[in-house]
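Look for chain A in each of the two complexes below; its partner is chain B in the first and chain C in the second.
Take a look at the complex of A and B:
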């Protein structure tokens, strides 16, 4: 009121400019919503449309050549039911193994008096830095039935002609993928355990419950909803994963969803069946969506549990007694297996002139030849440049876009903010290989109509990655933004700061650790993710490191894989340490 | 009923050793409401948790009823779940995954041999009635307000009818008004059930209004133990006097020992002062005279034998007015009825009755 009264007639022009500004301010959230809707809906639409297309190639899509044949073929001829079955075993196995391992580690560092905890706290999350493809390759080098170093050593020592453990099996898949799930599960479980008020257990003891009854009736019951939510989250991750089943399952025709979809369009000796791939991808997507839906429901209902915590408690550590040292040994063994071992194995093969098991002669023959060879190839330099370019661009785009979306969701009364929230979660349910396929169709159509060359361009990758990683970033950003008290913003408003100045001067600095954390994490994801670029890469134009490693491995060029892998891993470790420097992993773990 | 002898607790952490409890002794009679009062960090909770068996003492002996539940020398330690106690936690520790009914039924379900379902249901209903939560049985526990959760925690602590019930600042998370209402209710309930209560708080009003006996703790030790009135009127140290309520202190010397009528003479910073009571301080000893503000009366000047001073500040508190009076070299705060208001700068006489002067050793 006071403002309008002091408005002199001469200020009319200023008011008009203000009104125009107002319209822009009001339109802006709608623009963001539309953009996000386009990003999410357009690929899915083209995926669905493509699944009905009976043409041989995506760019031959025609409205008069549609039908259900693809679904029929996928179900009956390709026996997708078997893939569903395999996927189920693989996902459940890996999740149970991964979450249990993470649970034991989290319990040891949070609730027991195990020594050397700081090492475990710091070490476990570092596993995120080992790209899945290198992790899987390292296990092949160790445990492939005939030539794996471990199996060879076993056969030499025992004289047996059966390997100790064959990694090219469902058991191997579960083992390798389960290990990969541990770091993130650990980061989610630690805050869960930390937020449990030990008085809950003490009250049960004071009520006459024996220790084992306390564990059963209180501890496990209280942790259950959170653990279930984390397990489902991990199950989604395992189901989406392509690298591990791609390296360990595909060569022996042990298919899960992600590899089957890929296999349908890229299989030596058979014609790519694009329509069928889409149909399979739709089964895949629907299952992923259903699981994600349950995940959301669970998270909502488990929030009810997490509201109650005591204040200022220092949980009593459970004394392990004579199990202290063995517990630490177990935890260190895990670190060794997931971080040190893959690195050492790749380092070893990268220094050999030809592949052979470790021996004194092998060590003596170490050479840097492979590294020189790698750098001598122009392809490598270009791929390196592409990777860096894609990574920088993706990380920045995702950070900026997620900031905008979170700001609208958390801080405005924009009518469509719930839709925005939903839409930003949706990509989480889309497996990388499915999005890759969907974008493949979309870009093909766009190129067909416009004559552009979007498919095979580097921006196709940036766009795909942005969609894939957005939901994670929005969630982490929202959590951080909710923690910035609205009063801080209001105080800035009262000091006369314009909205964009508030964003810049209040939110920017306060959220800086989160912004940097998200940036680095997305950068890491972009480097290690290969399913999407595998489909969208077309020649050298947009080949990235992950794809190159994949094709080198496919061609049996193990030394180069080792040399490039070591460089890639070193780079990832540097990023991971950067992430830790911002205290990101342990603080925001629950928002992952 | 409860006896703690020479209790010691040390915590070893990476930041060094904390000697949280240093030789606490206490003896609580059956049916007594006993309160441990002290500033935060003085070791109250630790003492209580030792009694519950949630913390392991480094030394000492604890007896509950006729059983020794802890004896460091003989290596006896009865685990918590075998002790005959109920406990109310500061954070309430209401289990969020259970309903109100199941929360209260929990202790009964742990009893062996098992109690019949019907009896459980009766006893739970009775306990819930007692804390006025009847009708809330099927409610999920997280859907209760703070005050209701507090009462639920209480119901859970009493339902087993253990002989001892322990409270760790159970009212500290309630707002002031609710806290005041709950104090007497809680005391009456415990009395009605005939339970022995050990109550830990840092709130002096709680201690004074609820307890039969109060022990003041400081830095891991009990410094005074007495009934609420005695603690208030006859504190034995400056710490106790100022921790409970407000108090004026003045350095002084005994000039005359108590005569036949039980009154002695002091020379203090406020001038001459008479005291009575059971002090046996010798002539010439240095003491501290302690006087509560409400025991200082402002009277007309010139009366015989009263000190005189100048009012330097007045603060209106609603039900009373606090006046700071400069007497001699020292200030004295008096609390007077608003009707007897005085003005700043005014000269006034100051009267203190001998029985209102407490002598503390300096």
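Take a look at the complex of A and C:
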């Protein structure tokens, strides 16, 4: 009795605590879903609302002042049809060029007997470390029609008045963006090539099919769905890219969607047409969403082409014969053009006392003055601090949030997990410039309603980046989690471990390479990405390196761009090596 | 005990001083004197600025007390970061309690975005410069704080400051053209702007690179009696675009200075005397030429109303307008003083290129009333001629 008397309240409290825990456990996925929905849907809603707003400013939005005028103006006055056409040519061209180049390199590394494959395999992904803006600037310095170092040398040597290449053309845009797409496409294609069972090719060959027929009818047919999915993924990436068309297209009025939207709000003399920018962004977003829809459909149906079975196999290596060395030369040329050349060009510019073509005299005049100037500027230290702060916060937030989302998707029977999966992928379809514009509107409204100071703050960038990079992280995290068998988790549960302990002691160690890999990859993206900060950066409080480089380039301070670019690229190479050592390198890019 | 007593005396004296003297007067700081002396400023000018300091820094003590409690000033500037790094320590030697976050900005980021934020009830910058092309929007928004209570206000000539006291000129700049000495001979350079756009111009067909900055030089001609709106609309501008056929560039002023050096074009237009002088100091083969009439103007400085750094911004702008500030910025980056007592030899870089020539000054009236009219003509022709937008 005494026992009953003493235990009853304890049992009741225990039951109550258990019930409370159950409620929390049941509510938690819903909270995550709501949070994600708010993160993704709220900016899109503000973008759509803004596109119909006929008020001059975001904070003058009023329900009685809405209409279709912005869409009309964008279509008729801004000739968005031309922008759609340019974007189509640019995206298709860059994707075909980039994926084909990546395909050739991946095939050489995985399926041929090319010498030096390890170096090529290690080198190609390093291209991720070259920020798009520096990549584009390097090509301007080399191939600008009149002053590009290559063209200048050509004209001086031949006496010609015409340049050898003109980077300020659609061809130039496709070339520069295509090269930029190769590293990620390569990382995605390598596992595809590796996982192909050679039995079918061998059977075809044994049946008398010629090697070219085998490649055409078997190899390419098997690869096609995967290649198509990768191509669409890359097309979305090319479409949302701002840096390359911003540096190469904008100066000659060769606009694609990302630059047109930016151009509409970057008005030097008067308050820009925000409503029109939103309307243009809506066209942009709809096209990106349609492409993403096809991507998802393709990925889901690609299982039909799976050749991985329980049977072990080693993919057949194709002997290249006398083409072994030329193949290696081709691969090395790619590495030189995408990694070594941009670095050398920026290094050269950073050491000049004034901009001039390479010559003996120029080499003799080398100075570290630009580096000293950069270090003497309080602005650089502040911008560096902002960049590091944003990068650390974004990478950590994205890693944690993607872990939570992936856990719910992969490990629970939560009713809304498919919606959660869809919502987490959706940001991949939102171009950075569009999200920037959407958040610009949203933050202004939030500040007006709440009195907070989100607009122009560093947290505005962190939030924007978190939304933008979540889809990459959730994909990678989910793939890694699927590979961890639930038995381990069940065993821990049966032993009475709390969920947080399971996460820390079971998932943590097993997923560490993925967690670190995602963290580093998101950190790299946060440093590279400039379209979103270009819209959300509002002065010293939240200026980051990408914006500073853009501003210096825009102002014509090319030597400072060189000095900062070299330091940034060195840092990014270190991160890329870290990424390879800890994360995706060990998985060979399967998740991305 | 003795120490406590003497400290108490000191505190009482300070309090008494603070109560009786409501303003803070000062001489030129040693740091300023040293900096100006080391950077080639004439000793006579330094002495003059030193003598003026007691009047120009006669700031109410209350301003300084409140400024010390405020945060850092967010300063949107067109000044290169390395210049700011030079003059900022001189300012902070006088006002160590005031911190400044200076961001070099261009395009919409310099003036339009801060104005937009202001109109939306937010302040993302506190002090800004060179907002001339959006001046009418700033006035319409009533965005600028009155500055005519600054002790150094009267140093700005009347025709270079707002009648209502909301903005002032802070530096004089002369806008001409840079050329690559290896590619352009002196006899190819035009004596007047009419010569530049004539059929016989040696610089036709893409040798000139032009930035889309009509307000920096064309406006001066628009308001000059020899040119005027009618001749500009019907003769000069059509000849500029159709006869001269310059490269219409997207780059800003910095691009106009650097690109002739690598042969992108031979002549960059418009380029300011201070930045051109700076590139010349590197040994670059750059020359600078001013056709007549010579476009000159003064960059504006102002501060937003309701700023969280109200007092520190006022103290800062006062320093910029003072002789000490004007000479310090001249020494740090070649920015020409606008101060009426500093219009002397040595007050402008590359003055040989325009000394004795007819000057076309951009006036406040021109900026407020004529610039929109010029833009109505300039913008369509620029776009129709394929200019980068």
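One rule holds in what follows: the second predicted complex is superposed on the first by the 569 of 592 C-alpha atoms of A that agree within 3 Å, B and C clash if a C-alpha of one lies under 4 Å from a C-alpha of the other, contacts with A are read in each partner's own complex, and residues count from 1 in each chain.
Following the convention adopted for this analysis, a residue touches a chain if its C-beta (ideal position, glycine included) is under 8 Å from a C-beta of that chain, and two chains touch if they have at least 3 such contacts.
Bear in mind the structure is a predicted one, so any value in this text is a computation, not a measurement.
Peer 1: Sharing chain A, do chain B and chain C clash or fit in the superposition?
Peer 2: fit
Peer 1: Give one of first, second, both or neither to describe whether A:557 is in contact with chain B, with chain C, with both, or with none.
Peer 2: A:557 sits against chain C, while chain B stays out of touch.
Peer 1: How wide is the angle at chain A between chain B and chain C, using CA centres, rounded to the nearest 10°?
Peer 2: 160
Peer 1: With both structures fitted on chain A, tell me whether chain B or chain C touches more of chain A's residues.
Peer 2: Counting contacted residues of chain A, the larger count belongs to C.
Peer 1: Of the two partner chains, chain B (first) and chain C (second), which one does A:250 touch, if any: first, second, both, or neither?
Peer 2: second
Peer 1: Looking at A:538, would you say it contacts chain B, chain C, both, or neither? Reply first, second, both or neither.
Peer 2: It touches chain C, and chain B stays clear.
Peer 1: After the superposition on A, what does A:416 contact: first (chain B), second (chain C), both or neither?
Peer 2: So A:416 meets neither chain B nor chain C here.
Peer 1: First (chain B), second (chain C), both or neither: which does A:513 touch?
Peer 2: Neither partner.
Peer 1: How far apart, in Å, are the nearest Cα atoms of chain B and chain C after the overlay?
Peer 2: 50
Peer 1: Okay, in this complex, where on chain C does chain A touch?
Peer 2: That would be residues 72, 74-76, 80-82, 84-85, 88, 101-109, 112-117, 119-122, 124-125, 133-134, 137, 215, 249-259, 261-265, 279, 282-284, 375, 386-389 of chain C.
Peer 1: Once bound in the complex, which stretches of chain A touch chain C?
Peer 2: Against chain C, chain A makes touches at 57-59, 144, 146-147, 152, 250-253, 263, 265-272, 353-357, 365, 373, 376-380, 382, 444, 447-448, 453, 455-456, 537-541, 543, 551-552, 554-558.
Peer 1: Any idea which chain A residues touch chain B in the complex?
Peer 2: Its residues touching chain B are 197, 199-200, 202-211, 213-214, 217-218, 221-222, 224, 304-305, 307-311, 313, 316.
Peer 1: Which stretch or stretches of chain B touch chain A in the complex?
Peer 2: My answer: residues 52-55, 79-83, 85-87, 89-97, 106-107, 110-111, 140, 142, 153, 156-157, 160, 166.
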